[in-house]
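Chain nomenclature is as follows: A, B and C, assigned in order of appearance, with residue numbering initiated at 1 for each chain independently.
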Amino acid sequence: MSTIAHGAAATVRRKPLAGAALFVTTAVALAVGVALPWLVPTKIAMSLLAQAMFDALLATSVGFLILQNGRVSFGQAAFFGLGGYSVGVLIARHWVAPEVAVLIAIILPTLVAFLLGLVIARITGVAHAMLTLAVGQAFYEVVFRWRELAKGDDGMSFNLPRHLFGLSASGLQDPAVMMVLAWTILVLVLFALALFARSRIGQIAAAIRDNEERARFLGYSTMLPRALVYAIAAFIAAIAGVLSACYNGYIAPQMFHWSVSGFALIMAIIGGAKFIIGPAIGAVVLFYIKDYAGQFAEYWPAIVGIILVVVTLTMPRGVVGLAATLWKMRGR
Amino acid sequence: MFIQILNGIVYGGLLYLLAVGLVLIFGLREVVNFAHGSLFMVGAYLGFTVAAMGYWWGGLLVSVVAMAIVGCMLDAAVFRTLRKQDHIVTVLVTFGILLILETTVTAIWGKAYLTYPVPRLLAGTVDIGSSPFPIYRLFVIAVSVAVALSLSAWLRYTRTGLYIRAASTDARVTAMQGINVDRLSLIVVGLGTALAGLSGVVAGPLLSLSPTMGNYILIDSFIVVVIGGLGSFAGAFAAALLIGQIHNFGAVYLPWASTVLPFLLMVAILIWRPTGFAGSRT
Amino acid sequence: MSAYAIEGVGLTRRFGGFAALDGVDIAVKQGEIRGLIGPNGAGKSTLIDVLSGRAPNRGGKVLLNGEDISDLTPQERRRRGMARSFQRTNIFPELTVEQQLRVASWAVAGADIDEVMDELHLTAMADVVAAEISYGDQRHLDLALALVGRPTVLLLDEPAAGLTMEESLSLARILRDLANRWHVTVLLVEHDMQVVFSICDRVTVLHLGRSLSEGTCDEIRADPTVVAAYLGTEA
């Protein structure tokens, strides 16, 4: 039995957070979000938190694929980049209204992932990791070389419109506003994923992840639920891409790079991909370790590598898994 | 035209040297080594350092031996320890090793591109048809062909080779026959990474050295491994030549297609035979 | 309604030159419990696979309550009332017992799961993750998954594999009892003759991909060809 894609949850009897508790937690988290500008001291800290939220969204996307589909993706940056590029290119060229650009930037990657999911969902394990890596890199190569699209490897700056959905768009580049917005979106995404996990389709998807053949003989077609999970994961990654592109006013092929996918996967694993909130926690933890390790910034990938190796070897269920275990032991 | 084909064979040969190492390791450990590209890169830097002192061939030797040792350590410390875990865990750990190696090399040699010299013996060009062609490139072709021939002879005619082929088919059954798979794996992973070191040195004068030089070629060799049929030596050889040609011809005539075509080919193959090539063995 | 709940006509399945099934005819009456026995490699599991749609059907027909379902997917067969279990325990390890039975019930119009949990003694462990319950309970769960929604036809591939004699007989009694009360037609592959003869109405003997003999338990026990081919060594 595998540790990451399967089995890990078996040792803990997870009582799903009772309905009321879920709503209360979400409400508290949203309230904290509104209070953030008073809690976070400096503009720099706000900007860091906003970026940590982008990472958290992307990691949540990768983790959700593991949690609900049992598939490990090394190419989730494809949808992050696709979201960012769609919004950047469409706004820069004024092809459509900016609001439409945002919608397209979120819907297009979702749709692409759904169609791709129909095809690649039956590929498992190591082959799936290699395949998604290749798909992600294919996108990277295309935007890298296609200079006419967005200046190839130089990347492209773009100006936000004055208004977006009737609100002043310049706020998107204000750390305080973006921090609150990204936090709120992350909380809502996690809330929605928790609801999905308890929904009928969510439990059917979990059953298909656990044992696809038996699910088929119980009367389920397994392609659609799997593709749906791919689509939802891409939807989240696309939101992260749109937010990140708008905040920076800049898009570059780096958004598609496999290192982005790889780091998102690492965050998910470190946080604990068997928990809906695990990847987000992993992202935030890593982000702040990085900030703290500022003077060692040039060794950062190695530090991440070491953390990853240590975590996979010593706590296969990640930080959140460890916390859950400790909590249980305390209760005894 | 003919020169183009030769250039394609050169790149295909390099891909083969890298891909065959991946195939060897995958056969025994059922793990795709994401650190393989960075071992290639480390091999190139080691060779470069010795070559810079004036011993080009010494650099080759040092790199191959050092990488063989690193491979044995990798097998003993990582692959053997994690053999009962989900293979994807091992893949993640190799990804972590990739990050560590890249950073270490950056810290020692810096980020700047370095130029690997061509050995004096192989400098200059020969005329093929009427156009000049670097002798060094012919050397690269010769090395890959020599490796391909000796490897297939070794696998076919020696007892160890027979065991390796058996273990690649089914490691568990082979172990039950009383064959020491762990010792085999030590040899195989050592050999695979030694080949990564060899290809790093050989590729050095063709590519410029940088800590990320292994990434691009790693993905290309993933494609080779998958198209060749995850775990097949002959398949990897054919696929490496094919990707080498696509790479080179595309670069000249169809830059667009050359970048995306290998990826599409890989996706198509995986979809066409998800279990035949990989699914059944993951 | 057809007199037969499940029928296979001329079922054939070849692997290369080897015929795992070589024109097998089988017809099980409504409400009957049919045993399927034969030595290893006789084609028992293959027959279940072809009937349930797991293996492609090449030549031959499968009828469910008189309706030709040869070209239907496993999903469609389940919705028409056919369920099966597998030789190896085939459950959802990470879902709780209740969760997976509920998932199973949604596929058949939200059937009642309490009765199945109750009959198969799973109620006490409803909230436990399936990977953590005992092997015997897992086999019960496996059977329960197939029984959700009271299928009309149940194909069971060694449901008691790996159980002790006592556990096997207990499981067999539950099965017999439920099949009678819920009017389920059962086709049961089972190695253990004691189990087969204790619950089956009739028995079909497969040998080398062909149907060697068919009859009541007594007839099969007395059939000289069966004894020669199969029972002889064990009885």
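Convention: a residue touches a chain if its C-beta (ideal position, glycine included) is under 8 Å from a C-beta of that chain, and two chains touch if they have at least 3 such contacts.
It should be emphasised that the depicted structure is a prediction, and the values quoted were computed from it without experimental measurement.
Trainee: So which chain is farthest from subunit C, going by the mean of the CA atoms in each chain?
Mentor: Following the centroid criterion, the farthest chain would be B.
Trainee: Would you say A-B or A-C is joined by more C-beta pairs in contact?
Mentor: Of the two interfaces, A-C and A-B, more C-beta pairs touch across A-B.
Trainee: Measuring from the mean C-alpha position of subunit B to the mean C-alpha position of subunit C, what distance in angstrom results?
Mentor: 50
Trainee: Just give me the whole-number Å value for how far the CA centre of subunit A lies from that of subunit C.
Mentor: Once rounded, the distance between the two centres reads 44 Å.
Trainee: When the C-alpha atoms of subunit A and subunit B are each averaged to a single point, how far apart are the two points in Å?
Mentor: Each chain's C-alpha centroid was found; their separation is 32 Å.
Trainee: Which positions in subunit A are in touch with at least two other chains?
Mentor: 1, 6
Trainee: Using the touch rule from the top, collect the residues of subunit A that touch subunit B in their complex.
Mentor: Per the stated touch rule, the residues are 1-6, 72, 119-120, 122-131, 133-135, 137-138, 141-142, 145, 258, 262, 265-266, 269, 298-302, 304-306, 308-309, 312-313, 316.
Trainee: For subunit B, which residues are in contact with subunit A within the complex?
Mentor: Contact set of subunit B toward subunit A: 30-32, 82, 85-89, 91-93, 95-100, 102-104, 106-107, 215, 219, 222-223, 225-226, 230, 255-256, 259-260, 263-264, 266-267, 270-271, 274, 277-279, 282.
Trainee: Looking at the complex, which residues from subunit A come into contact with subunit C?
Mentor: Answer in residue numbers: 1, 6-7, 9-11, 13, 15, 200, 203-204, 206-207, 209-211, 213-221.
Trainee: State the interface residues of subunit C toward subunit A in the complex, per the touch definition above.
Mentor: 52, 54, 73-75, 78-79, 83-84, 86, 90-96, 99-100, 102-104, 106-108, 127-129, 131-132, 145, 148
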